[in-house]
Amino acid sequence: MKAAVITGVGSVEVTTVDDPACGPREVIVDVAACGLCGTDLHILQGEFAPTLPVVPGHEFAGTVVEIGSQVNEVRVGDRVAVDPSLYCHECRMCRSGKSNLCERWAAIGVTTSGGAAEFAVAPVANCVKLPDHVRTEDAALIEPLSCAVRGYDVLRTQMASRVLIYGSGTMGLMMLQLGKLTGASSIEVVDLNAERLETAVKLGVSAVAGSADELDRPEGWDVVIDATGNEKAIQDGLGRVAKGGTFLQFGVSDYSARVTIEPYRIYNQEITITGSMAVLHSFERAADLFATGVLDPEIFISDRVPLTDYAGALDQFKAGKGRKIQVLP
Amino acid sequence: MKAAVITGVGSVEVTTVDDPACGPREVIVDVAACGLCGTDLHILQGEFAPTLPVVPGHEFAGTVVEIGSQVNEVRVGDRVAVDPSLYCHECRMCRSGKSNLCERWAAIGVTTSGGAAEFAVAPVANCVKLPDHVRTEDAALIEPLSCAVRGYDVLRTQMASRVLIYGSGTMGLMMLQLGKLTGASSIEVVDLNAERLETAVKLGVSAVAGSADELDRPEGWDVVIDATGNEKAIQDGLGRVAKGGTFLQFGVSDYSARVTIEPYRIYNQEITITGSMAVLHSFERAADLFATGVLDPEIFISDRVPLTDYAGALDQFKAGKGRKIQVLP
Amino acid sequence: MKAAVITGVGSVEVTTVDDPACGPREVIVDVAACGLCGTDLHILQGEFAPTLPVVPGHEFAGTVVEIGSQVNEVRVGDRVAVDPSLYCHECRMCRSGKSNLCERWAAIGVTTSGGAAEFAVAPVANCVKLPDHVRTEDAALIEPLSCAVRGYDVLRTQMASRVLIYGSGTMGLMMLQLGKLTGASSIEVVDLNAERLETAVKLGVSAVAGSADELDRPEGWDVVIDATGNEKAIQDGLGRVAKGGTFLQFGVSDYSARVTIEPYRIYNQEITITGSMAVLHSFERAADLFATGVLDPEIFISDRVPLTDYAGALDQFKAGKGRKIQVLP
Amino acid sequence: MKAAVITGVGSVEVTTVDDPACGPREVIVDVAACGLCGTDLHILQGEFAPTLPVVPGHEFAGTVVEIGSQVNEVRVGDRVAVDPSLYCHECRMCRSGKSNLCERWAAIGVTTSGGAAEFAVAPVANCVKLPDHVRTEDAALIEPLSCAVRGYDVLRTQMASRVLIYGSGTMGLMMLQLGKLTGASSIEVVDLNAERLETAVKLGVSAVAGSADELDRPEGWDVVIDATGNEKAIQDGLGRVAKGGTFLQFGVSDYSARVTIEPYRIYNQEITITGSMAVLHSFERAADLFATGVLDPEIFISDRVPLTDYAGALDQFKAGKGRKIQVLP
């Protein structure tokens, strides 16, 4: 089959590889669409994936074309979204219910062949069937949405929170949509890129700004979310948390990023700083929410390109142009 | 001034009473509208209010016409919604943060003169200023909304919950709106009164039914809310909770109501049954949500009648006709 | 090997069965001791276990005598306690983090051969190594303790709670010990069996009684725990919960048990009723606590009998004599 | 009466001041003992107290010698511990249930005359009666204990947590005692001051060290608590939090203290950093726990000096000698 392959640090090509084989509790998915995200760039830089070459792609959906000998939950022809998480179920973290922090962390498209290919293999338990009204290729948005759901699970915001989000990329916009869905009384979005803020406006944000200084909230925000991974944004955001409020580190920073906090303020204002990592008990729920229309695919997916353009798509993503970019095998 | 007065068990009249006097940290509100609710009926039946006569009305909003000598938070002319809760701040429950369970429970319109009158007095701390775009009389909906917010605070639902609500009266419909606002993936409403279900449909419910048997959810619902107070509804609802799910007793039953539960199921399926009582840390938040348009007053307020019709309004409410009925002094 | 076998409804014998075989990620444990509990009685009555015959015993510890081809976490000679839970990791409940409510619920000693035998097989991930100072046979107490830990995880009590426990059997006494360990300011225990209350006294209970009426707590208790499964105890306990308090259904009632609740009180006093089922993310933690000495085995284990007396041990347990009864193969 | 007075920045004296007057809902307490803490030093440095002179002392207990005209909860002769918190009950934070973050923050001994005097006045709601077996002067420990309880309320630790505490002063030792009381499976304490660690050892700590490097916990600690306020300790502690773990900022740092965090780690390991400030719904509970003997006054109180030595006592505290130092009027 045809697949994108990250062959070594910095090199990616679309080539022919062996078709995947189907284990007894696995299925083969004919990929309809596969989204790109920061993780793919990290793999290209030689991070995250334990070995190269690897077929990337952990955000995908498609049609089941083959089922393993012990599969009866889905049938050939079913359309599914795939949770890429491969938990060991055995380590200390898995056994304590925090499988997203699994000590043998693994994921389709990172440690095993992923969805940037004509076909991908997945455990049947990772497949969520799509209702009729959801288009298969759109359902590749469920995986990033399930990360955003995890973010709000960590936050457990009360209704009527005042929310500030840094970053108006795909993830910042998803955080915006989920902010509305968890009853925020206001959501403001900060991004350096004025063009990107336009989408936030289209989605009904309370206000947008190039800097939080432009926003009139002297008491700060109950919830501040970083969806940039950028050191400056994080540093700025930490200072914007209201008394008793919470900062969520959702963006993935460089390992070397460092920010400064004030212990006196953490204590005196009971500020909480916390983080959210990937998907935990949130994939099926993201699929359910996606089916209710919480994300408009026409807004969230800016580009759908052929799989053969995988390298170009990755370049565009790196350049910060558009929102979610998908490859279609 | 003119006021409705519950003079004794079963008897109510609109008459002239003394104008209220304003304490140093109080304000006098020229009432724009006052909503009726089940509590008013209870008072009429000789319950809840410790002494009669009393001017009822705990759901109201209006314009500040006088401020106490030590008030500087609001000014004459400000339009406000009023939280009727009068906590003692001293009892065991208040000191443990559960002031809605205050051992000296008191409320404007129950233990002191309320809003079914031309003027009402309120502590300034109980007044929340209305933004320009909110009409004063509509803001009388904030109080019941703040009870509904408390209900969801108790529930602390996760996003993508499947919610079933019994009752399509004002409160059931508010629970529906807040279900959407807390990210439910589906919300179904059951009511015996087909006419009332029409409003739920208008508000975008997932499905309505005269009986939960008609709904196709073999696994049950993650969250079941009683907003009827009716023994039969509660009994039925308790059996509909999914594994690991929660039942919220929001409706106010008769003291004598009794329902049956199965200890084996509570244990084996880790079912939770809990309750929500009035307003706790939720009034300002309800006001914020109301300002975002979470409730459409044209849908929620079915009747606006002159204060002089107070007795008739109460009769209509008792008969279960319409939704929120307001008197306008 | 020698094993107790429940061969059919009501019939149990100690006989010779095949030695267990070890899968690649499994180990064979030479059982040091295996505790009896209500579940074993249920199996004998034809409940819980999907098929008979079965070797019972889900509370056991022993020494590893063989390891599977892919095991490197434990070695032959290691002493381990075994978590009997066998989660599918695939069903709706498992994928939502509630594996104790697994839809394909399975457990060593219930759905597969258990510890009432010379040897038992277990997945390596279910084995927790014992520190030197813990005696192997005592460690069979870790499994029931891990259920009790789950109970308190569900409760998430605040420090300084007033706790009332029904039942002074093994589980009630464990709930007592964990009540102290979660900072209860007082713990009272009710049991009909005066002899059993003596052990509670020995463990430092605040007070014991044959009926909660004898205890002077007019405001009720913040936390009431049923550890009897008895309908009368549950009914009585539900009425003892203080405002804002919680009732935990820990005891396993008959399917047919029914109790009555008052919806008005659930609402007006914000009472919570909840349940706790088996082990969830609590086995390793129970092992850690056990190693700190939270349970004195000399008090908790009343009888250690040879495996050959399995039937007699079950009879004694049924008769409610003693506390934890162990068989030693 | 005789009282310690902080007359200006850096100057303190024991002198004669007017006896306190008793409002209708207040009582006059004949102070038995008053503890010193970091807050008193801050006041002396010109911080915290809005105006000087002030009589310091917010940790005290004594005997009621006069009650206000509307007091019926306590009687002359009752022995009480006093919660110094004076909440406004009106501000945004108070109305949202976070009165410890009150925007008009006030406290006996900081904004009004405190307990370093023969007599002190307190609202009756702030007085908690002592049971017979608690000595009045020992009960001055309840206030710091109630801060420590708040700390654990913020943490909401699960049982069997591994806890690391920085600081073996009064507060670190209280955190140690409460760590045991919330079911920690191990508690380790780090302090630079070897002498102070001896008390931790006496209290049954799992291990002590001059540096966390000496402790063998490669996975880190589930809970790390700073009870020093020291920048270096905080920086070190932040790096010791295990995957999914929590850091509590309990120590009060200088305003100017700054520490560095790694956003990648916060995200990838879902680390939480949070803070705890003073007393929230925890005073009565601390009193209840104190009555159970959770703190041994003979260990916790190192010095009891006459009120006339107030200045010397403050110097000794500043020098870090002893543990809790009390003045006895």
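Just a few scattered comments:
Each chain gets a letter, A, B, C and D, in the order it is written, and its residues are counted from 1.
As a convention for this text, a residue touches a chain if its C-beta (ideal position, glycine included) is under 8 Å from a C-beta of that chain, and two chains touch if they have at least 3 such contacts.
Each chain and its UniProt protein: A, B, C, D = Zinc-dependent alcohol dehydrogenase family protein.
Just so we're clear, the structure is a prediction, and the values are computed from it rather than from any experiment.
Interface comparison, A-B versus B-C: the higher number of contacting C-beta pairs is recorded for B-C.
Chain centres here are means of the Cα atoms, and by that rule the chain farthest away from chain B is C.
For the two copies, chain C and chain D, the CA superposition rotation is 180 degrees, given to the nearest 5. Separating the centre of chain A from that of chain B, both taken as means of CA atoms, is a distance of 39 Å.
Put simply, the C-alpha centre of chain B and that of chain C have 43 angstrom between them.
In chain D, 92, 96, 284-285 are the positions where the chain touches two or more neighbouring chains simultaneously.
Listed in rising order, the residues of chain D touching chain A in the complex are 92-93, 96, 98, 100-101, 154, 219, 226, 229, 231, 234, 243-244, 249-255, 257-277. Chain D makes touch with chain B in their complex at residues 25, 87, 89-90, 92, 95-97, 123-125, 280-281, 283-285.
The part of chain D that touches chain C in the complex is made up of residues 149, 152-153, 156, 158-160, 178, 181-183, 185-186, 284-286, 288-289, 291-292.
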